[in-house]
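First chain A sits with chain B, and in the next complex the same chain sits with chain C.
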Partner chain A sequence: MSTRRFIIEPRGLASPWLKLLVPIGSVLAALVVGAIFLALTGENPFSVYSHMVDAAFGTSRSIAETLLTATPLILTGVAAAIAFKMLVWNIGGEGQFIFGAIFAAGIAIWLGDGAPAYIALPLVVIAGGVGGAFWASIAAVPRVYLGTNEIITTLMLNFIALNFMNYLIFGSNSPWRDPEVATFPEGRPIPDATRLPEFFERLDYGIFIAIALAILAWYLLGKTRWGFQVRIVGDSADTARYAGIGVPSKILGVFLLSGAYAGFAGGLFVAGPVGALDPRSLALGLGFTGIIVAALARLNPLAIIPVAVLMGALINAGPSLQSIGVPTATVTMLQGAILIFAVAGEFLIQNRIRRPEKAPKAAPSSGEEASPA
Partner chain B sequence: MNDTWVVELAFAAMILGTPLIFATIGEIMTERSGILNLGVQGMMLVGAVSAFWATYNTENLLLGLIAGLLAGAALSVIHAFTSVTLRVNQIVSGLALTIFGTGLASFLGQAGSDPLVGNPSPVVFEPIFTGGIADWPIVGPLLFGHDLMVYVAWAVAGLASYYLFRTKMGLALRAVGEDPASAESAGINVSAVRYAYVMVGGALAGVGGAYYSLKIVPTWQDDPIGEAGWIAIALVILASWRPWRAVFAAYLFGAAERVQFTLQTLGEPWSNIPSTILAMTPFVLAIIAMIVLTSGKRARFLGAPAALGIPYFREQR
Partner chain C sequence: MVDAAKNETLAVELRNIDKAFYGVKANSEVDFQLRRGEVHALLGENGAGKSTLCSILAGLYRPDSGEMFFEGEPANFKTPKDALAAGVGMVYQHFRLVANLTVAENLALGHPDVGIRLDQSELHKDAVQLGETYGLGVDPSARIWQLSVGEQQRVEILKLLYRNAKVLILDEPTAVLTPQEAQALFKTMRQMAEEGRSVIFVSHKLHEVKQVSDRVTVLRGGKTVGGVDTADAEPRDLARMMVGRDLELPTRDVGAPPGEAVLSVTDLRVQSDRGLEAVAGMTFDVRAGEVVGISGVSGNGQRELAYGLVGLRNPTSGTVILGGNDVTSASVLQHIKQGIAYVPQSRLGMGLAPGLTTEENLALKAFRDPPYSKSGRLVQSAFRDEGAREVEQYDIRGVRPGLPIRLLSGGNLQKALVAREVELKPIVLIARSPTRGLDVGATEAVRNLILAERERGAGVLLISEDLDELLALSDRLLVIYEGEIVGRMPVEDATAERLGLLMAGQREEASA
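Up next, the complex of A and B:
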């Protein structure tokens, strides 16, 4: 390539505006892609989208449901962000979410009605985190001590966790299974003392716990010595080693913390809206969707909160599409498109594009000319 | 003799393994060029729905295969663009491709006034020989009792193996995956090679998906392939990036998938093992294989391309 129309060069620090513009642009671009497919199949994209907004925010009930779905997404989003920031590719949020739910429901059933709520509830939520960290450890320990690639192990552990949950409810007479329902196996309802109280429609206090945990993650990663060391390891393991930071223990810590956050999500979901280890309500892909949330929020735990609400809205709008004869899979397609544009948009944040003849200092204001949309 | 459960299991394992062979060899070619594509599941699903749509409307299996192949390749271009041209994170991009492809396949199956979902395919892949040599004991059904695609998979494995290790083009492909800077010095266009093999991977994943919707699950449903795309990514490592080994690894996983049905037919005590536990078999097998094979520096000795997953910046050499 002797003559080039554009020169691409790494950008130093991207402006905060660009960091905000790229995720918003990703969502808009995905909506355009979705609109094209909707139009090709004979639907009016505008009426479909307005129906979706209505289904997600139209009534106080739907707002509550959207925030209810956002609650676990905040935590699975933080789980992915913590790991990805350090280049730990934990794609096992789904399995860790399920094991959080299994542990949380297990301890709730074991406690029964005997313990008061102020003891029982924290125990249930913590058990969720322990369950998630435990499931992450199966991939984390080989990763840290044997160098086993974690992408495939965490992924396979998702499917094992899902089958294990099905085993507890459908395949055995485990304590998690409701002994009173004979027709179709269901999860045993957890005691009232271990349920999070509702305060707005079906919305429970779990959302505040999730927000508090997201802020805690932001503080841990951004403001503490531990977080500083973790960021160094993420930037360059060699530098970290040279600076005397124990890299293996940092990777293990981050991996387990990531699993714990996904597990918290499962615990809160059981103690909140679901109230049992119910495979049909728990296997919605909330753990996997956390990856989209994290990427769109550019791995920032605070930005994850509004992004999780957006993604919760999208998920909740899905089933309502059926009533107007539009495929519910529109939602998955939009999610995938959002993630594609979000990851492609990283290019604009990390690089600057200019024409070779012009003055090199005149950078494009927003980089829109190379937008993949 | 041919009715014994062993022959039945092996026969079914070969059919279930066949789409895995296509997808795994496709991913081997992609990874050999240095690009990791976690979008296999998405490409297979889009291939499956496109193949089904084409065959549903034309009653022609070949057109279905071609549609699946082209659709898989078309979807993979997105990943080539993000990972080769934009050089952003390949892992997240691949996951995005899987989510988008899963949604798109399901969308296309549900959309329109006369949706595909719930409809059977008018034609499916049928065994080439019936009777005669296909009735010989054991080898009859296993070697001669299959449909064309089982043999095409063998041919693809042979061709890919020859291409990779015996041709100049194959050498260029491996060079790009091992050391792109040196490959470029030798006059190889790294970007073009990577684009090409990401698309080869997409095309073969699409063919694998097509075999699902035109043979294994020949009535369109939202998710006809299970977790095949993810299994294929694990099989690449189990096959240590070699096409022939992918055939055996794929049959092994086909057997692991099938064994739960086989045990049901064997009666007590085998049929008492819960199906939910048996359904874990392929994934447990994959994890054990991963820990044994890729720990430490072993992955490099196995044949992992040195530049796998690393974007190539020509300007910053």
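Up next, the complex of A and C:
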């Protein structure tokens, strides 16, 4: 009787395989779209892709660079995931990342060479988190107590943070600026005691800190009393209020934690590969890319770790494309395509599409399901 | 031919209708015949497939297979618009009215004859005339938000009559009405039937079905169990057809002497969302071991009374003493810790976290303490073990590991919610319409849980708009109207008429 050719209906419980298959499929689909695009512009997609794989994983040096880029992405990814899980739309990871870097570099410069590394390094990393949380608080407090829209405020604060960093280096003689370079303004190098040691090519120990922090986030949200309350608030604020949970304080806490994670990323990046508050090395959009990482990992802090490595590889492959005459923007396009497919794939996890049954079987289904609502 | 002669009198016929939602059959091999000029009751537990069947008739859903005939012709309604154009309309439980428009404007909305210009005076005249003819009087210039629920329902029916619907489907229309309003509705239904229109009347209430309908079709588990003439059907038989077994209504000893007051409310005043005084000075006690029923038409302060008593809204004045402690302006958490349990009206909107699992929902209030958590960490095994025990003990069906609770059926949702609250071993249990919309089996389970709390010595405050529920559970009844208590009586003295009059705002001398 029905003339519809396809039926879309909500899925009850998606299988774990599907949850794994959809992100992988999103990446593959994006690669196919990218290949078509490359072919249309006269490139050989296979040689471009193999060049990219080489650039990202071909040598021990490139592997180290990939992991170096993955390190902040893990943290900005977790930052986005923590907030999004609770329906707090913090898209200010970029600004919080920058403020993490400003605080971390500031503490490092203030400490100078006086403090031993085992005191200085933790302080620098923590300062990064504090900086990110501080920048998030500017959006979080009005969100919680006045109901402002955090999408707008966090987005705007990104630009303020970026311009503030530029001002510190290019527009003023701040302590962050290197006084010894007169030609082109640069960030003042932070003392050696506040730098993370390298252990594999340029790769430093920041990657382990990032992984540990991602695991900590997973533990906090999934295994603690606080995390349980956060999940209830994220699921239904009215239910949380009914169960005696302080909703504003939970939203505030999650917002600040999210900012802190983005700030950690900035701090680790300064204490690791960059070594100064250097706008050209920091303003790479790592906070924004974290949103893609979080979406592709379906907001799971543990899944974010491999996804961040993948994104790191993609970003690192970009500049190398120029050597074979392909624009670096190809990588940006691929990132965008991956995000679109990941979001579309989420629909497939929540819903199923099937052909209508032509001849319903006479025998009723095994009856394992309770009566329909 | 006999068949042809019979078809002559059929307004609607459904043959062998199947409809499945995510693999679960909501309707299976359903046959249904609606004659012209009859009131046809559709009976069945929740999940029996009544709403699905009505929605198929009204064009909202399309059957997976089967045949549908309207006045003898094959019909294939693609949308509710198609159905209404043919003459089949439905009044949903949640009204489809535009709150900011007037009654007349709502009637005109979507009407095919209404062009770009709206002739208000013509429209008003039609509305008044239709209203007078059918006993559905409402002011055509009133805006929907100004109307009571009963009046809004009248507008919904008027909308269908204005479109000259020949088949009117009313989905549980009496759930929101006072007994008097329900009687008026029944008169309207009979009148429409006498004119040759057909009315499908969905209800849970046997006495209403008995009173108003000509024939009854009973659905069970998505299938038609049978159709009978109402005159031949005993309520007990209908109930048996619905559940497939004999009903066991809870028996109770009303005379058990209650203990001392566990909840004392004095001159309580609580504001509504709009800042009006929704609870306007209520004074009452609930004693240990008794069920006090609060009876009233919805919107007379029930919500604010409950919110004020559980800490969701601070009273503007008055005092609330819970088990000897003043909790008037305490927080929700303090209320929970002092021994208050609360079954809210909205299960998925407030009582449960829809996206979390059943286990997690069962721990929604107790998670702060052992065994669920120790020094800030959750104890997963406690969630699992306690969850499994409660699922078993309270017969919560359909639970699977990792399954969000929102995918359980209404009855199982409510069993989980009430189970969690009684597991708190509260001093006072406040329940709002706890069996609203539940099937007979789940209603019985929930009622028994509430009566068990009373046995245990808890004070129970039952806030409900359902008289059957109130009479089945309460020891004493308080009737509220516009935020005040207008009548008090032991349950033995309650009659539907007396309660109905009080609920409709007719005061009597305060007693008991």
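Methods note: the second predicted complex is superposed on the first by the 355 of 373 C-alpha atoms of A that agree within 3 Å, B and C clash if a C-alpha of one lies under 4 Å from a C-alpha of the other, contacts with A are read in each partner's own complex, and residues count from 1 in each chain.
FYI, a contact is a pair of C-beta atoms (placed from the backbone, for glycine too) under 8 Å apart; a residue touches a chain by one contact, two chains touch by 3 or more.
Remember, predicted model here, so these are calculated numbers, not experimental data.
Trainee: Name the contact category of A:343: first (chain B only), second (chain C only), both, or neither.
Mentor: After superposing on A, A:343 lies in contact with chain B but is clear of chain C.
Trainee: State whether A:11 touches chain B only (first), chain C only (second), both chains, or neither.
Mentor: Touch status of A:11: second partner only.
Trainee: Considering only touches as defined above, state whether A:151 meets chain B (first), chain C (second), both or neither.
Mentor: After superposing on A, A:151 lies in contact with chain B but is clear of chain C.
Trainee: For chain A, which side has the bigger count of touched residues, chain B or chain C?
Mentor: B
Trainee: For A:54, decide between first (touching chain B), second (touching chain C), both and neither.
Mentor: So A:54 meets neither chain B nor chain C here.
Trainee: Determine, under the contact definition given at the top, whether A:113 touches first (chain B), second (chain C), both, or neither.
Mentor: neither
Trainee: First (chain B), second (chain C), both or neither: which does A:192 touch?
Mentor: Once the two structures are laid over each other on A, A:192 reaches no partner at all.
Trainee: Check whether A:89 is in contact with chain B, with chain C, with both or with neither, and answer first, second, both or neither.
Mentor: first
Trainee: For chain A, which residues belong to both interfaces, chain B and chain C?
Mentor: 9, 372
Trainee: Under the touch definition given earlier, write down the residues of chain C that touch chain A in their complex.
Mentor: 18, 20-26, 28, 46-49, 52, 62-68, 76, 221-222, 310-312, 331-333, 335-336, 342, 344, 346, 348-356, 360, 364-365, 367-368, 373, 376-378, 380, 397-398, 400, 402-404, 407-412
Trainee: Over in the complex, which chain B residues touch chain A? Could you list them?
Mentor: Checking each residue of chain B against chain A gives 38, 42, 78, 81-82, 86-89, 91-93, 95-107, 109-113, 115, 222, 227, 230, 233-234, 237, 274-277, 279-280, 283-284, 286-287, 290-291, 294-297, 299, 315.
Trainee: Can you list the residues on chain A that touch chain B in the complex?
Mentor: My answer: residues 8-9, 37, 41-42, 84, 89, 91, 138, 142, 146-149, 151-153, 155-157, 159-160, 163-164, 166-167, 170-172, 288, 291-292, 295, 327-337, 339-340, 342-344, 346-347, 350, 372.
Trainee: Taking the touch rule as given, give the residues of chain A at its contact with chain C in the complex, in rising order.
Mentor: My answer: residues 1-2, 4, 9-13, 223-228, 231-232, 235-236, 238-245, 352, 356-357, 359-360, 364-365, 369-373.
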